[in-house]
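Both complexes below contain chain A, partnered by chain B and then by chain C.
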Partner chain A sequence: MSFQEHEQLHIKKNVKRKLTDTELQILAAEWSEHCSYKSSKQHLKMLPTTGPNVIVEKGYDSGVLDVGDGYVVTVHIESHNHPSAVEPFGGAATGVGGVIRDILSAGTRPIALFDGLRFGNIENDVHARWLFKNVVAGIANYGNCLGIPTIGGEVEFDTCYKNYALVDVAAVGFGKKSKLIKNHANPGDLVLLIGGATGRDGVGGSQFASDMLEGENRSAVQIPDPFIEKLIIEAILEARDAKCINAMKDLGGGGLSCAISETAESLGIGIELDVKNVHLRESDLSPDEIMISESQERMLIITNPKKLSKITQICDKFRIQCSVIGKVKKDKMMHVKKGKKTLALLPADFVARGPLIDRKKSKPKYLSKLSSSPKLKNKKSLSNVLLELLASPNIASKHWVFRQYDHEVGIRTVIKPGFDGSVLRLDNGKSLSVKIDGNPKHCYLNPRQGAIGCFEEACRNVVCTGATPIGMVDHLQFGNPEDPEIFWTFMESIEGITDFAKSLNIPCVGGKVSFYNETSDGPIKPTPLIGVLGLIEKSPLIPTSPSKNDVILLVGQTKDELGGSEYYEYVHNFIGGTAPQVDVSESKKNMKSILSLISKNLVKIAHDCSKGGLAIGISELCIFGKIGCTVDLHTISALSPEKTLFSESHSRYILVIEKKNLKFTKMLLSKNKCSFSELGKFSGDQIIFESDSKPILKLRVDKAENNYLNSLEKIIQNG
Partner chain B sequence: MPNFQVSVVIENKPGISDPEGDTILNDLVLKSKNTNITKIRSGTILKFSIAEKNEKSAKDKVIKICDELRIYNPLVSKVTATAEKV
Partner chain C sequence: MEISKIKRCYQEIKFIPLNQRQNVKVGVIVFPGSNCDRDMYHVLTDVFKLKAEFFWHEKNLPKNIDAVVLPGGFSYGDRLRAGVIAAHSPIISDVKKLSEKGIPILGVCNGFQILVESGLLPGVLLKNESLNFMCEWTNLIVNNNKTPFTRKLKINQKIPIPIANGEGRYFVDNKTLSQLKKNNQIVFSYENKVNGSISQIAGVCNSDENVVGMMPHPERASEKEINQIDHKPSSLIFESLIESVGMKN
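Entry: the complex of A and B
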């Protein structure tokens, strides 16, 4: 525990006495980068946060979006990177638990989970494989035990995550607007701690997450207990219905220290708490440990004293522990006692609002050293390149992962994982489409355009289901912000996301910043992750299989943008070149046109064209439909076949159109001034790409299918 | 070479919580009025049959396998091995 110079000055200026040990521990937890956002808070304000669907209340841990007819959806995203890198099963599982409680804290029921996972190269790194297997097992165990479907996500492998893991979890909740918790508190209200007992697990976790990972840290290991979490969910929702909850907060990073100070600060109240009343797992826990323990499955509730017997009755019914640990006061102070002895007495806003830091930024030197194109020695046949890419861990089907997750429990899942956006049925007859996307390879070459690209890709995926984007969450993951070059990449990313969000009028309703994602091998590549929620007023476009003579249209322009592509990085082991850039006007125009075509029932399948480029997008359709196709590249661009096939240019959609709808579809696209090409049609059992009517790539669908569907599992099983 | 059965017990280290053990204690054992039971720890047992020259080398070999294959997380778990000739 140590404070930086400006923090010491801030303490000296505001507290005219020596701080107690407990106060020092509380401040160290709350002012850690993880809890205070000291490097990023001032910059996050640039993101647009309001919109027609956004509901804002004090102290919400999750974003709330109005979906009409008296219903809301809630959404939140978190990561559990450091704990998962140390103990992958428990770290990932408790990451799921934490984000679920954020959803619960608004008074909504969690209905779906999404996971963005990143690891080192599993093809040659045993440790990366161990992390991967155990993270997936941890997520599956926790989500499945709770009966909450895990319906989407993404998995990526890159050597920059060697000996590390990025585990991002997003959760979606659903409920009635009238039952949202309107956080408030009155003097005399009681402060309750509900759920799991407080132990030594996770002590110092928030500070651990704010340091670089250099060794294994036992104190930061967190042990999951999904069965208590399930009981907490049901108890809280029953207490909500019985109007027992005035305010509520999840206990996450920083434990009681952060939950108490942040609740008091956001509601403009004081809280007096007695550590003697906290229910403990280990009786010898010191007051300081109690205040900063990050034991899982705990919720803080503020209730009226008249409601105490009811809430106790509910907790007894669900057999979860409930302790009255303090009371609300007028004085706006955070007062921690043990019996009559005061251990900490500080203004809540002083604790909750740590001093911010104005970090320096400078453009990274590595950017000017990158080559623009690789020197290709042995030219491989395009058919072999496609086979290789279909089997590559980043492109191959992730069904080995998502088949471990129960993705149907709750009977809301309309579009399951494995396609573009996943879709959930809502009680008002509408549907919700959700997708999370990231691309560190693009972000490494161009942090601003890379971040915009992740955002646009997530939008494209929900648009492919017929959904209009209504909100987004971002998770910004970077190395040490004290390094000006890393901070520059953070600033570029957030500025890019802000510009794009404003252009498309998509509000940011939640997010998280995670810095210090570094190991002794260095920092991770910039890894912003964007989650987009889209609303479907009528029916979603449910993917079906392409049939013989269905026509393939490509909407959007294919550009010379192989930088950061799987083709460059996986096939040629080359990092450099021009990363894809989003043309905002083309992006808007294409999104609007695709939604219009889907609403007119003209589209059989809409598929996002992204990782691996056009060749992979079309191959996926052939594999899903077990049918071949013939595609003429000449109609697309004047670029070389490699660039046309594997460039990962944004704003592109592959449409499968029945012949009877082709004329009208083309007419509407022309009317909307969209750039599009008629590529060919489905037939036979081979994937054929032609240039000037000559085949340049020919691959049997069953061969492609074998590589695409089985490669990831083979790597896991055979190492 | 003689055959040994090496039993490897993997459990959470002392001080790390054990929700499974706690649940068995609170929801099963104590509810059956076995009030003299104060703690239950859960774990996993793996039984390896191995041909080795003696008990010690059988145990050492099995522990080495568990370490190398990372069958347990040394950060979280305590591992004990016992061997008996079969």
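Entry: the complex of A and C
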């Protein structure tokens, strides 16, 4: 625990006395990068946060979107990177637990989970494999037990995550607008701590996460207990229905210190609490440890004294512990006592609003050293390249992963994981489509365009289900922000995301920043992750198998943008070249046109064209339908066949159209001035790509399927 | 619910017309950690228009109840062994009494594990052969269509339905297995090898055939929106119940 110079000055200026040990501990936790966002807070303000669907209330830990008919959807995203890199099972599981409580604290029931996972190269790194397997098991163990379906996400492998793991979890909640918790508190109200007992796990977790990962500080990792979390969810929702909750907050990073100071600050109240009343796992916990422990499955509730007996009764039913730890005061102070002795007495806003830092930025030197095109040696046949890519860990089916997640519980899952965006049905007859996307390979080469690309890709995925994007969450993950070159990549990303969000009118309803994602091997590549929520008013487009003579259309332009592509990086081991860039007006036009085609029932399948390019997108459709196709590349672009097949240009959609709808579809696309080409049609049992009417790539669908479906499991089975 | 489905149900069920189904009361038992209770309730009430009521595991079951469902989930967080703690809940003694009276009782997933642990059904459920939790769509084959939950199904009829469990591998010793076969107590089996269950068993019943346990989730497969393969076979599990209860009344 140490304060930087400007923080010491800030303390001196505001508190005219020596701080107590407890106060120092509280401030160290709350002013950590993890809790205070001291490097990023002032920049996050640039993101657009309002829109017709957005409901803003004070003290919410999750974004709230109105989906009509008196219902709301809530969403939040978090990561648990440091803990997962040290203890993958527990770290990932508690990451799930934390984000779920953020959804719960708005008064909504969590209905779905999504996770973005990133590891080192699992093909040759046993440790990366161990991390991967245990993170998946931890997520499965926690989410399945709670009965919250994990219905989507992504898994990616890159050597920049060697000895590390990125575990991002997004959660979605659903509920009645009338039952949202309208956070408020009156002097005399009681402050309750509900749920798991406070122990020594996770002590100093937020500081641990606000530094480079060097040692293995296992005591900073929290211990998961999904059973208690399940009981808390049910108890809280019952207490919500009984109108027992005035205000509520999850205990996460920074533990009680953070929850108390932030609640007091956001509600403009004071809170006086006695650490003697906190129920403990170990009786000899010191007051300082109690204040900064990050033990899981705990919620802070503010209630009227008259409602206490009802809450106690509910907690008794579920056999979860509930302690009255303090009360609400008028004085706007955070007052921590043990019995009669005062341990900390500071203004809540002073604690909650840590001093911010203006970080320096400078364009990284590596960017000018990247070469523009690879020396492509030992030319392999295109069929072999396609087979190799289909089996590569980043492209191969993630069936092995999502099979371990209960993705059906809750009986809302209309479009199951494994395709583009997943779709949930809502109680008002509408459907919600959600997708999260990241792409560190693109972001490394061009942090601004890479971030926009992730955003656009997530939008494309929900658009493919027939959904209109209504909100987004972002999770910005970088190395040490004190390094001006890393901070530059952060600024580029957030500016890019802001520009795109503004031009598409998609509000940012939540997010998180995670810095210090680095080990002694160096920082991670910039890894912003974007989650997009889309709303479907009528019924979603559920993909059905392509049949013989169905036509394949490609909407969007295929450009010479292979930088960061799987083709360059996986096949040729080359990092460099031009990363894909989003043309905003084309992006908007294509999204609008695809949605209009879907609403007119003209489309059988709309598939996003992204990782691995056109070759992979079309192969995936063939594998899905167990049918071959013949595609003429000549119609697409003047680029070489390799570039046309594997470019990862954005704003592209592969459409499967029944012959009878072709004419009308083409007419509408022309009318909307979309660039598109008719590639060919489905038939036979081989994937055939032709150039100038000569076959340049031929691959049997069953062979492609075998590589695509089984390779990830094979890698795992090897240890 | 869409009109066509209501009509279809109405035509198929002779004994209890839609407007009288509210007289049929199904108890859905909720243990700490149950998580398919609300899904089951939705299907019973919103889809099949029955009257359903939740019963917390410490409560008593009314004597005039028509059927009981033990839904899936992770009762007591699967501690010790899936279903074993819940099998000692106070409500289980009422379930036992009702089973002796011949009341239809269905245990799904964790509910099946609880029925097995409480001795109402034979066998045990072990960790899947993959050693992983498995959430997958499978095909069930109907082996016994005399139970209150399968009477409207045909022998060997296929039911597309999802499983979602970590401990779903059914096991009995050879002697019990031959007894089960002799008594026609194997109600469902998997079409393909799924998790290493003995004889690919997915569901069994007691010797009186009124208590049925199954690992797959019929409540996740009986609506068209969420079962795009074919929701009708799974719906017949619930329609069988309606017919059985109707005949008794």
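Note that in this section the second predicted complex is superposed on the first by the 718 of 719 C-alpha atoms of A that agree within 3 Å, B and C clash if a C-alpha of one lies under 4 Å from a C-alpha of the other, contacts with A are read in each partner's own complex, and residues count from 1 in each chain.
Throughout what follows, a residue touches a chain if its C-beta (ideal position, glycine included) is under 8 Å from a C-beta of that chain, and two chains touch if they have at least 3 such contacts.
These numbers were taken from a predicted model, which means no experiment stands behind them.
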What does the overlay on chain A give for chain B and chain C, a clash or a fit? fit
Mind working out whether A:154 is in touch with chain B, chain C, both or neither, as first, second, both or neither? neither
Of the partners chain B and chain C, which touch A:281 in the superposed model: first, second, both, neither? first
Touching partner for A:410 - first (chain B), second (chain C), both, neither: second
For A:189, is the partner it touches chain B (first), chain C (second), both, or none of the two (neither)? neither
Check the contacts made with chain A and report whether chain B or chain C touches more of its residues. C
Should A:317 be classified as contacting the first partner (chain B), the second (chain C), both, or neither? second
After the superposition on A, what does A:456 contact: first (chain B), second (chain C), both or neither? neither
Angular separation of chain B and chain C about chain A, which is computed from CA centres of the superposed model and rounded to the nearest 10 °: 60
In the superposed arrangement, which partner chain does A:227 touch: chain B (first), chain C (second), both, or neither? both
Nearest approach of chain B to chain C by C-alpha atoms in the superposition, in Å, rounded to an integer. 6
Using the superposition on chain A as set up above, list the residues of chain A that contact both chain B and chain C. 225, 227, 319
Give the list of chain A residues in touch with chain C in this complex. 137, 140-141, 144-147, 225-227, 230-231, 317-319, 402-414, 425, 542
Quick one: in the complex, what on chain C touches chain A? 32-33, 35-36, 39, 42-43, 56, 72-74, 76-79, 132-136, 162, 164, 166, 217, 219-220, 223, 225-226, 228
Can you list the residues on chain B that touch chain A in the complex? 12-13, 15-19, 23, 27, 70, 73, 75-76
Under the definition above, what is the set of chain A residues touching chain B in their complex? 86-90, 126-127, 130, 134, 199-201, 216, 218, 221, 223-225, 227-228, 281-282, 295, 319
